Every structure is written in C-alpha cells, then in structure tokens.
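The chains carry the letters A, B, C, D, E and F, assigned in the order they are written, with residues numbered from 1 in each.
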Amino acid sequence: MALYLIDLPFAQVGLDVAKRDGEAKIVLIQDSVYLDTAGFENVYAVKEDVEKRGVAARLRNVRVIDYDDLVDLIVENKVVNFA
Amino acid sequence: MEKKILFMFLRAPFGAIYYTEGLRAVVGMMSGLDEHKVTCVYAGDGAYYALKGADKGESAGYVKTISDISETHYYVEKESMAERGIPEGDVDDAFEVISRDDLAKLITDNDVVFDF
Amino acid sequence: MSNINFLLTEGPFQTEKWSTVAKLGLAALKKGHAVTLFCYLDGVYNGLSTQEFADWEKVPGDYFKELVDNGAEIVCCGICVNARGQQSGKFFYEGIKVGGIPDWAAFVGTADRVITL
Amino acid sequence: MEKKILFMFLRAPFGAIYYTEGLRAVVGMMSGLDEHKVTCVYAGDGAYYALKGADKGESAGYVKTISDISETHYYVEKESMAERGIPEGDVDDAFEVISRDDLAKLITDNDVVFDF
Amino acid sequence: MALYLIDLPFAQVGLDVAKRDGEAKIVLIQDSVYLDTAGFENVYAVKEDVEKRGVAARLRNVRVIDYDDLVDLIVENKVVNFA
Amino acid sequence: MSNINFLLTEGPFQTEKWSTVAKLGLAALKKGHAVTLFCYLDGVYNGLSTQEFADWEKVPGDYFKELVDNGAEIVCCGICVNARGQQSGKFFYEGIKVGGIPDWAAFVGTADRVITL
C-alpha cells in the first residue's frame, strides 16, 4: 500500500522489496526510467525524466506523469524512499 | 510528533560518507524534541558495513551515543549478503541478520523510511 | 493540505537530484502544500547565491530561492556547510537558513510525507 | 605532445552531468596546443546515451564543435547494450556499435584512457 | 600489458575488459576491494582501503600494497582508468 | 622520473576520491615524480582553504595545500568554480590556480601517466 520512489542505484533492492507489497505503486525518477518493470502493475515515471532520456517507447505499462501528478501521489500514499 | 523511522543504509561504505553521516542523522533524529524511534537496516552494498573487521572508527561514537539514548536494532539483510558473498559468520555481533521479507515488514511498520 | 519534508544530500550540477527536489517542491507549494527542505552533506551547496553558469538560463540556486520565495522553509546542516568551506552560509540566498539536525528532526515530526533525494 | 585519448563514457545519462561535461572535456582536449586525437566510446550505463530519442540538447553543441575540429568516432558497446535491453535498432545513427573485444583493442590503441 | 585501476561502479565492465588482456594487472581501490577477482592472476589492492573495510581475510590471491607501491606500478605500466 | 597527471571530478567529504588522489600524489612527489592535478566538476571544491570540520584532524583542503607545498601543480576548472558559486576561487589555498581545460590538455600532453579519480 505504499509508493516506492525509485532511482537507479537502489532499484534492485527497492523493486524486490516492492514485489512483496501487493498494492505497491512504483514511481521511476531520473535514471531508473531506463529499467524494465515488467511484472509490476502500478508503475509511474516522471515525464521530464522520460523525455530527456528518449525512453517513452521502451516503457511498457507505465503511466507517464508530471510533477503535479507526483505531488498528488505523494500526498495520497505512504512514501518509501529508494532514490 | 514522535515517529518511527527506518534508516536503510544502502550505499557501500566507505567510499561514500553516508555510512557515518547517516548515523549522525540517527543521533539527531533520536535526540530532538520529538524523540523519534529509529531502526537501522543495512542492505544492498550497505551490507558490507556489517563485516566483522570493518573499521567502525569514525562511526563508533555515534553507535555509542545511539545506544545511550535507547535500545536500537541494527539489522543486515540476508539476500544482500548472499548476493555479495558475505557468510553469516563474517557478520559483526552487533548486527542481526534478517530476510528481505523482514525488511519489507520493517518498512510497513515504520512511519518514515530513509535511504542512506 | 499536506506537509511535505524533503531531504537533499547531493549538490548542484554534478547530479540531477536538486532538480527533482526543486521542481517537485514548487509543484507542491503551488498546490497549497507546506514544504520544508533540509539540505544535508553536499546538498548544502544548493543554497549559494553566487552560482554563475552562462550555459544555463537558471542556475540551481535560482530554484532554491524560488522555493523560499514561495513559502518553503529551507535549513542547511551547519556542520556540513562549514566542513565544505562555505563559511556559515554567508553567500547563501536570504531566507535559506543554517541550522542543525534537530531542525530536520522537527521537520520530520510535523511532516505528513518525507522524501529523500 | 599530441596523444591519442580514449574517452569512455560509463555513467548513466542524465542523472549525472558527466555525459555533457565529458564532451566539454573532449572539445578542450582537441583544441589545445597539442591537438590530442580523441575517440569516444559509450559502455556500461553510458550506453543509454546512444538511444535514438535521447535529448542531446545540452551536449549537441559540443558534438558539433568536435565534428568541426576533426572526424571523431562515437562507439557504443554491444555487450553493454545487450545487458540493458537496447536493440541495435534503437541506437542513434551517430553511433557505431562495437564489441567488448573492440573496446579492449581501442584501449590498447590509445595512449590515455579516461572514464567519464 | 596494462594496469587497470578499478573502483566499484565501473568494475563490471573494467574487469571484463581486463580479462581480454593476458598480462593485465588489476589494482582495486576503495569499494572495489569488496569484489571477488577469482580468475585474475595479478591483482593488487590498496592497503588503507582494505584495512578500513575489514576485508583482508576475504581477499584471495591479492597482493596488498601501499601508496608507494602503487606509484611504482603506475610508473611501470600503462594505466587504464575504471575508477 | 615520471610525470603523473591526475584528474579529480569529485568533491571533499561526500566520497573518498579526493583522499586517494591526495595520498597517491604525495607518495609520487616524495619519490621525485612530477605531479599535476586538474580539478574538474565537483573536484574544484577540494581547493578551499575555508573547510572547518572538528571531527577530523586534517580536512581535505589541507592535503591539497600539502600537494602544492610539495611541488604539485594544481589547476581548477574556472567554469566549474564559478558555476558552483566559488567566486573565481577567492577562498582557495594560495598556489591552487583557476584555469581551463586547455591547461588540463597541456598537463595530459606532458604526462607519462594519466589517472582519473
């Protein structure tokens, strides 16, 4: 039931922990948008980070959000930091 | 308001300073007006800090201060150890080995989760 | 409305963490949330008013000034500031304070959400 | 003395600034009195820079300046691409795909090897 | 025939490249002293970095050297930076 | 005797790269080698004479002063210095110069070995 804020260096542990949370929401920021998050249901990625890296087409089943959306997600969910 | 805070130490000591400045932060969190309750867990490359011979020199003072304030648990995560070839016998007595499932439970049980 | 506390431990330019903090913080303020920020370790360099970089229209410091101007409360770790030779923050933007971890602990105490970057 | 310099870009763009400040350095190396000869190779997480849609905005100026000074090769390493799930079709035309064996050969053929 | 200066973040590529150099010398600095370098013949590790991390017993077939030794190695060999 | 050039792109405190550069550089100087150092990106913070950190007997800046005192030639990237708000290096130790990448390119040109940290 938490929101996992993930960046690349801590992604391996972070995603593996999030797997144990049936209602996990994953937010990919900065270099973690390169990652393959197949198998997760609720994955978000920050638009600015996605566009800069040219990975929009690589993302599967990921909702691209802006900072306004991310603020709402943060306010609505407990945040677990892996960023 | 008093909070339950989980400090996750995820970076390799000692190449980056987070291993000791994170403990400085733990002291500060515990000794403020709110008297937050802190638990420490070492995972990812942070697991190396639990090695028996690792130099706790710089961070030892914080560990002592922390134990003076209140009983604090130091956990190290078994899966991270396995991935790095750290056998349980190499782990310092101050650390209790837990599983990744236990880490997930700690995250659920704490109000705030820091990554250091 | 919520109270969101940020922890920033990396400096300007070298990595992009400052940018996510600044943009997310500004978005939160515009939605009416309270924002506090504790700058720790290299994070303290972000408060400098003396950054000059012709390649960029705005330097990181400009964003942190904008955070303060929009109501964010920013405190930099004084031990970190002086360790890094930044002389008690004498060149920081006005409104960016130098304090200690107790200030951060208080931020965390009042925060509904805590984000570390 | 003119040297042959290999710039290896190994860090992920754009979370760290090395992708563009490394190219600033390339320009400087080529335009000094010694007129060093530079080759660029992208490996490890640096391989992501070769993605077709990646924003070359900030670094594009350096790439242009570099090409004005002399013909410069930009290589991206196949093994790093494979490890990161980057198919050849996703690579920008400016980059030539080489193998890790080729990278080892480039290292041998250059006088100086920088990691950026 | 080169000296590969290795730190943790670039170790995976660095060691794999060094494997292709039959006469590679490997120098582990800082957090790379945690690594397993089984299969390499000429591996060195910086004493200060080893001792601080308590990994002396973990190192197999690695010569622990001080900064004076490292200077000599640097002067005697072409250096390839993965640090 | 050899000429060794170092490139340092990380700052003091946050990581240990400065320490390896300083100790390796001093060892090289004592063996009679020539040492040059180019501080790039966050590496430029190492030259500050204003670092104060009671926990440590010596701060990173002390080591860089020692390098200069023992004959090392140190140049910091001026663009990086000003971007990071360090005002043309006005608080750097005497002898630590502010210059440009051409200085570094010249160091590389005369160096027998180049080390990046």
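Just so we're on the same page, contacts are C-beta pairs under 8 Å (C-beta built on N, C-alpha and C of every residue); 3 or more make two chains touch, one makes a residue touch a chain.
The shown structure was predicted, so the numbers you read here are calculated from the model rather than taken from an experiment.
Trainee: Both chain A and chain F are touched by which chains?
Mentor: Where chain A and chain F share a partner, that partner set is B, C, D.
Trainee: So which chains are sitting against chain A and chain E at once?
Mentor: The shared contacts of chain A and chain E, listed by label, come to B, D.
Trainee: Measuring between Cα centroids, which chain is at the maximum distance from chain D?
Mentor: B
Trainee: Measuring between mean CA coordinates, which chain is farthest from chain F?
Mentor: Farthest chain from chain F, going by C-alpha centroids: A.
Trainee: Using Cα averages as centroids, what's the distance between chain B and chain E in whole Å?
Mentor: Chain centroid spacing, chain B to chain E, equals 29 Å.
Trainee: How big is the gap, in whole Å, between where the Cα atoms of chain E centre and where those of chain F centre?
Mentor: The computed centroid separation for chain E versus chain F comes out at 23 Å.
Trainee: Out of chain E, which residues touch more than one other chain, so two or more?
Mentor: 30, 79, 81, 83
Trainee: Spell out, as numbers or ranges, the residues of chain B touching 2 or more other chains.
Mentor: Residue numbers touching two or more other chains: 14-15, 17, 114-115.
Trainee: On chain C, where are the residues touching two or more other chains?
Mentor: Residues 13-14, 16, 41, 114, 116 of chain C each touch two or more of the other chains.
Trainee: Who touches whom among the chains?
Mentor: Once each pair is checked, the touching ones are A-B, A-C, A-D, B-C, B-E, B-F, C-D, C-F, D-E, D-F, E-F.
Trainee: In the complex formed with chain F, which residues of chain B make contact?
Mentor: Contacts found on chain B: 14-17, 58.
Trainee: In the complex, go through chain C and note every residue touching chain D.
Mentor: Result: residues 13-16, 55 of chain C touch chain D.
Trainee: Mind listing the chain F positions that touch chain E in their complex?
Mentor: Against chain E, chain F makes touches at 2, 4, 16-17, 20, 23-24, 26-28, 31, 33, 112-117.
Trainee: Which of the residues in chain E end up touching chain D in this complex?
Mentor: It is residues 2, 9-10, 12-13, 16-17, 20-21, 79-83 of chain E that touch chain D.
Trainee: List the residues on chain A that touch chain D in their complex, please.
Mentor: Chain A reaches chain D through residues 7-8, 30-31, 34, 36, 51-58.
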